[in-house]
Each structure stands twice: as structure tokens, then as C-alpha cells.
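By letter and in written order, the chains are A, B, C and D; residue numbering begins at 1 in each of them.
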């Protein structure tokens, strides 16, 4: 029984990280209708940023996360301007392919700059706490609660500020957004900025738990896609639900299947779901 | 106030608008009549900056506005309530209205005033403030759309077929409020298929056919003209 | 006169709203039937139902005494109904003639093995398809332009080419969705001529069109839709003087 | 439907010359290393022809391609190494197995619309990769299959035999398969079947109104595409004789994609041109090794931005333009649509009444 609780906690941790990544992906999809295959690689760059800010410059962990969120936001905006903005009118396969190009560039760039070896982030919260008999490292709790806090902040930003609402407005009716005077360029850049910052935050939070290496984004991005397809592409609540479903499915699956197959869980889940519901689990009808 | 001079829009070799000249005077309610495909929507979209003209100039109070982006045009005081309403369906009525004031969001007091004004025009919207816009009836959605366009406090309000898909009784109410909005000082350019009803509230009218203006004059003159039927149903 | 197409209380609802509701519609063999109505009246949805793009929510569609309700689009095409779209999707980088050859695909039986081994069937069918394309091209008046790239012909010629592609399937009923949309008014003459020619060749035509002068000159009968319902049906003369139609178009309480 | 029809007729001499050059190549280049590079190019080209059929001609971006390539390779590897089959039996078995996998995947995924299909195919690609990587008892996992035997010698009638430890023999085997691939592709794309694929690429809606069953046609294209990926993988197994999971990783698909796009999607010469060009450049940039994507990534983006039809496509449109200019009654150049930035009609709008 305790094993299950332990896995539940692990699942929530995983789910939190997936959630932050998938939220960014779904935001971008909602606005630009691009599956940004390079999003996981922004996560990777974010992880390196936090790692270096902590180890080389000796920055405080939280400070490092904050700064790398800013750095990544800038990188995201640059990516939007250079890669996706020029392609906004071309057929969709072209932007998919451009995203693949960006992904290859980021991964190779990281390898050139930082080498292909695996690195470990120093642990910050390494104490183990005991909650109702379940042992948990503080870091896991930090991940879970920080992710919740970030989601809350995102929610407030989207719902309570007019600027934030423009993202939602643009994804619901593009022409309507133009008509009220919302600037498409501004919203696209802001969306990429916010999404990339979220990826950086996810990377910073997950950093001490996992290893940091140039191709770390590859598997994650595909899981993030599984999540947003699960939740209906472009849907924010769908992405949150999907992320926790996948996180829990993976960690509880690990108690049933051999560990080396745990990555398969996500993809098999997707195959099953899309075979039954070709537009995702929570997708709205119509359209 | 708003002037179009030899405005042309083409899609490939197709001329959707051919050298349209038009003048919208301060404070008037001008109606733009014509059958489907006559070019009314193209004209309004071009004024709003959603389409780029291939020739001609649009000026607002002497300043050239053609070529500006849609958001700049809203800032210049022209807002449009588009065909098909283009609401943010999953957002609340309140949020939709608030986004209408996006360009003047800094002026908190002004936004509140406009909101109060829209609610006074359409009290039902106040009641449904928190409902998603998409859940409202067609007529109420149209109110949200007009209200949202008013929130930008436009000097010129462009309305594209506000009666489309609405039951006749609702259409009448819709026109009553449009007339009221105009009386309070907003210049209105109304594109409408529902000719006779629109002519009753309008000061002047232009009739379009195949992308060109074929007739213009005071509402009474136009209403009495048999040619308008010709333009619509070819009879 | 025999009936070629009729619908019985055909209905389509989208999330509670009915775009088309209980429409009884019939087309006689050999006529030109026009479907008109104000914006948002449900005309395109109606065509999409007949051509199998949308499954109806209720009602029946009968084509040549055979029920085709709910058949997918390609199966409807095989039964002998062809259609065009408001926007023409041609193969932009290829030649005019190449655009038409594929129209004969539904008449061919060859599979990829035939094409790899260039079997006699493949060769025969390719030849037939090319002949068919040539014939249609002459019919729509583009015989001269056969070997020109599509990019280089006029918008109006593209329209005729798109109609030609539908004709290349050798349909018994041709649905034209706003054939004159996107072409200039002075170019509609040749299009009307073509549509008449199609009817004279024995193909029944059913079209949606906004350009009223064209509709009134062309159609044998007209069906008027408003709010997804059929409000009138009759000859152009009858329709022009029908009060419900005038009201639908120009609004009620005529002041004139 | 593509300009290749014309160029095939007019350029027979060129093709003959190219064919002769390919035949004589092992005697022209003496460097074993260079010949090896060419063999690899041919092998990739075969796989890319498959990708070209589904992406370039049918308009569906599949990112599972390396998975089928892996299936082909591992089928040959396992059958010859563990079950001691003859390579000549394992080769068709590999192609068939890859095609069967293609049918299975296609049946589920081809109902999905553009980006869903692409994402799904990427997941399938990863599933295939992870399966190969983790199924130790069958594939030896990360260690890889070592010592796959070369193709069995073919006895010659007059005594002696063709031995495939010889580089030249391998070259001719791969060349034969490449010629076979190009032959099949040429026949397909210049037939009604190819026209059917291109009609789907153009508009699925229009294709279905002219009686094309879009789903089964896409499935056919996908399966043929998987077949050729399998063939390329099978040849790889017999030539390189060492198989590791990375060959089936989606990164491999990305490489194929890069070569295809640079060569020119939707053209007959594109895959071969792309494979030869990209590999030669890669080999000459040896010092960059895995860093080459720092250059290739942005290059890929630039290609889709400025030359969406690649080198070959660019060449054809240039030729077309010149031909048009020569035509006396050249039509007026149509002005580009003035529709401001982005508000193309959405499908739902078009379907509305």
C-alpha cells in the first residue's frame, strides 16, 4: 500500500513538470496552430541555464530559476520572430518542419557549447520528510507546490489581466481579436515568451531530480504532445488534466510493468485514445 | 468624416471592389445595401484594415488611414461589429465587453462608463454578465457584438449585417437600438441586406452591386426606387 | 419529367442550432435548379449534405430512386453526383490538361500493381482518361490552353476548369456552389453559356448563386432557403414576385 | 502532373548518361571511402523515396519513417543472424514486415487530420524505437546486433560467385535496388495512382468529390512508403552488418526529412539529389560530426521558407518560368492576393451556410 502512495507522490511530481511544459505547448498551439516540436528543447536550454546560474555564478536556486525564465522568454520570442512568424501563411507542414529545424539546432547547439555528457544539478532541498508515513524528498514537494503556484499565477494572468486575456481571445476567435484592436504580433510574441518561461521553470524545478543533457527534451516533448492531444489541443484545462493523468499513469504503471517500458506507457495511451477518439479525449465537438 | 476615394480591392484578377467612393458624414447613420456578394463585407473589412486595398485611399477626418493595421485603426476610432459576430465564445459576456475596450484599457474610468452605457442599452447583458458568450441566444450574442464594438468608444461604428440569422421581431429591436446609438452621437455605417427595415432608420444609403456603388441618396429616395429590387433579386 | 434528386425533410443541426431544417427539395431530370437565399440561409450546408460531406441529422436523400442518405462523399460521387466548391482547388503547378485527367479516376479500375507493370489495363485506362480530359477540355472551351500551366490562365478560365473537373467524372447531376463567385461581372456571360451547354448535354444542374441576374436568366426553377427552411419554390418569374422572398431579401413592411 | 513527365521524354539522353555513370562509378572513383559514401547515399535515397511518396506526393508528414527503416533492418538482422535465414529470403521478408507495420499504423493514424497525424506518427516512431531498444531478448537492446552476415554469395553459372564482402558487389546491389525504387516511383507517380495521391495532397475534399476514397489511397501511399523504408533498412543490415537502436530513432527521420526537403519534395529526382548532396556535405564537414545540425537546423528552416520545393523543385519552376516567357501569348501575371496577413477562411466557415 505504501508503495502505491509513494508512486502517487512520484506521479504528482512528474505530472507537475509535464503540466508546465504542456501548458506552454498548448498555449502556442491555441494561438498559432503550430505543434512546436522544439518546445522540449527550450526546456533543455532552461535546465542548462539554471544549472550554470547555480553552479558557475553561485546564484540562489530560486533566483536562478527566475533569471532563466526571463532568458528563455527572450529566446522564445526570438524563435517566434525568426522561425514561425515568417511562416504564418505557408502550409502547416512547413511550420512543422521548421519546428524540427529549430529542435535540431538547439540540441546540436547545446552539444557544441556544453558537451554531450550528463550533468547533475546540485540538490537544494535534499532533506527527506515524513508525511503520514510516506517518505518524500523535499524537492518533490517543492516541485508539486511550485508548479501549482505557477499554474495559479498563469491562471490569474490569463483571467484577471486584460493583457493575459488577449491570449485566450486570440485562440478563440482570431478575427474577433483583430477587430477589438488586439495586435497579433504582440500576442504571438507574448505567448511564446510565457510558454518558454514556463518550460524554463519546469526545467529548473525538475533539475535536481533528473539529469541534464542536450537530448533531454526529446522524450519530454513527445510526452507533452501526448498530453495535449489527450486534453484536446489548445485547451488549457485539458493540458492540466492530461499532464496529471500521464504522470500518474507512468508512475503507477511502473509498479506493474518492468521499468524499462515506462516510457512506452505514454505512447500506448495515446495510440489507444486516438484510435477511439480521433480528436482527443476532452476535445469539444463541432469545429 | 470618413471618406473613401476610388477604393479598389482585388483577389487575383477578381475585383471585389471597383473604385468605390463614399463619404460618411459626422453623426449620420449611413446604410450600405446590396445582395450577397455585392462587396459590402469586403468594404467594411477594408476600412477596418483586415484587407489591404489595391488602390484608392481611406481618410478619417482628413488623415489617411488605409494601410494601417487593424489595431491602429481601432485606435483611430473606427470599430467594427463583424458579420458572424466573432465573439470569444468561451469567455464571459463581461470579458468580451472588456476586451472591446482593449485599445483604451488605460482609461479605467472611461471603460467603466462605456460598460455602463452598453448595459443601459442592453440590460439583459448585465444579467448574463458571467455567462459564456457562446451560450447566449443569437440576438443576445449580437448585442454582445455591438456592445463590444461600442466599448472602444468609436467615432465611427461599422456594423456588418447585424440582422443576419435573427428572427424578424429581434431584428426590429436590434434596429431600434442601432438608431438609439446613432442618436447619441455615434456615426454609423451599417451594411445590411434587410433593406426596407434598414432604410427606415438610416439617413442616407448607398446601394452596391458587383463591387461597385450603383446608387446613392437619401433613404426616402432609395426606398422609393424600384432599382433596388433589381439589385437584390434581379426583378 | 422524372425526378433525379429529392430530399425528404432533410435536417442538419450543429450543437442545437439547425442550419437546415426539414427541407423537401426536388430536382427534375434535365433542368437547371437554383438554390438562393440570404447569407446564412443554409445553402452551402444543404449542398454539403447532398454531396456527402456532412451526415444529415434527419431526413432522407434519394438520387435516381436510390437512397444515398449518409453515404460518404466519394461514394456519392460514384453514384453520379459531382460538385464544385466556392474556392477552386486546382493543381497550381501543373498543366491545365493534367488537372482533368484525375477526373476519370472513378471510372478506372487499375491499382498500383497495374501502374508499376504498365499492364494493358493501365495503358487502356490512362489513354481513356486522357481522351476524356481532352473531350471535357474542349467542352468547357479550354482546348487551346491544354498545355499551359494553371497559374497562367485567368480566374474565369480556372472556374471553367474546376467545372470541367467535376464534368470529367461524367456525373448525371452537377452541383455548382457559387460558380460566379470571385469572377468579374462581365465574365459571367461565358459561364452562363457553359452552364446552359452542360444542361443541353443532358446533365442536370443544381446551383447556388448570389448573382441574381445570372440566376434569373439561367434557372428553370428556383428554391429559396431562409433560416435553413425552404420558403419558396418556383419559376424565376414566380420567385421575383413572391412576397415571402422579397421579405426575406429586402426585409418586411415594404415602404415603396 | 509534375514537370518530370516532360523532362523524362526530352532528357532521355541525360538519364542514359547518368545511368552509365552510375554503372561505371566503382571504376571511376578508386577511393573505397568515397564509394562507401555513395553506397550510403543510395541507401538513404531509397528510404527517402518512400518518405517522398507520402509527404511530397500525398501531403502527409509522417515522422515514423525511421521506425519502418529499423523494422526492415532488424528483420534482416534477426532472421539471418539468429535464425540463419538466407539474406535473399530475409530481404523480402523485411519489406513485407515493414509494409504490414505500415498497414497497422496507417489504419489507425490516417484518419487523423494533419497535425494529429504528424504527432501520432512521431509517437509511433518512438514506440518502434523504444521497442527495439528495450526488447533485449530479440534485438539485443542497446548493445545492438553485431555481426549480421553479408548477403549470401550468388553462384555464377560459369563457376565462381558474386561475393558481398566485396564493396563493388554491395554497390551494385544497392544501385539495383535504387534503380528499382526509382522505376517503381516513376511508374506510380506518372499513373492514375500517382495522380490520385497528388489530388489528395491538393485538397482532400476535392479528391473525395471526384470519387476518390481518400482514406484507402492514403493508406496505400503510406504502405508503399513503409515498404521502401523497410527495403533501405534491409540493405543497411546486409551492408553495415551492425545494427543499433539509434538507426530507428526519430532523429533518423529528421535526417531523411532534411535530405528530402533540400533535394525537393514532390519531385522524382529530389530524394537522390538531397541524399547525395547532404551526405557529401556532411562527410566533408566530418570535423563537425554531430554538431552539423547547428548548420543544418537553420538551413532546414531557410529551405521551407524560401525554397519549399527544394533544389529540384526550384529548378523546375525556373525552367517553367523560362518556358512561359518564351510563349508568345503569355498570360498576364496575376497579382498576388491582397488578403491581409492571416485570416484565411476556416473550414467551419466554408461549411457554414
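Here, a residue touches a chain if its C-beta (ideal position, glycine included) is under 8 Å from a C-beta of that chain, and two chains touch if they have at least 3 such contacts.
Note that the structure is a prediction, hence the values are computed from the model and not measured.
Q: Where are there more C-beta contacts: C-D or B-C?
A: Between B-C and C-D, contacts are more numerous in C-D.
Q: Hey, which chain ends up farthest from chain C, C-alpha centres compared?
A: The chain lying farthest from chain C is A.
Q: Where the CA atoms of chain A average out and where those of chain B average out, how many Å apart are those spots?
A: That gives a centre separation of 42 Å.
Q: Could you please state the distance in Å, as a whole number, between where the Cα atoms of chain A are centred and where those of chain C are centred?
A: Between these chains, centre-to-centre, one finds 47 Å.
Q: Any idea how many Å lie between the Cα centroids of chain B and chain C?
A: Once rounded, the distance between the two centres reads 33 Å.
Q: At least two partner chains per residue is the criterion; list those residues in chain B.
A: 11-13, 50, 70, in rising order.
Q: Find every residue in chain D that makes contact with two or more other chains and list them.
A: Within chain D, residues 332, 334, 343 contact more than one other chain.
Q: Residues of chain A that touch two or more other chains: which are they?
A: 175, 178, 286, in rising order.
Q: Considering the complex alone, what residue numbers of chain C touch chain B?
A: Touch residues, chain C against chain B: 38-40, 154-156, 178, 181-185, 210-213, 215-216, 227, 239-241, 245-246, 249-256.
Q: So in the complex, which bits of chain A are touching chain D?
A: Residue positions touching the partner: 33, 35, 37, 82-83, 86-98, 100-109, 111-112, 116, 174-175, 178, 184, 218-219, 222, 225-226, 229, 233, 260-261, 263-264, 266-268, 270-271, 274-275, 278-279, 286-287.
Q: Which of the residues in chain B come into contact with chain C in the complex?
A: 11-15, 35-37, 83, 161, 163-165, 168, 171, 193-200, 210-211, 223-226, 228-229, 232-235
Q: In their shared complex, at which residues does chain D touch chain A?
A: 55, 59, 61, 108-109, 111-116, 118-120, 122-124, 126-127, 130-131, 134, 250-251, 254, 257-258, 261, 290-294, 296-301, 304-305, 308, 341-344, 348
Q: Would you pull the chain A residues touching chain B in the complex into a rising list?
A: Touch list, chain A to chain B: 162, 165-166, 168-169, 172-173, 175-183.
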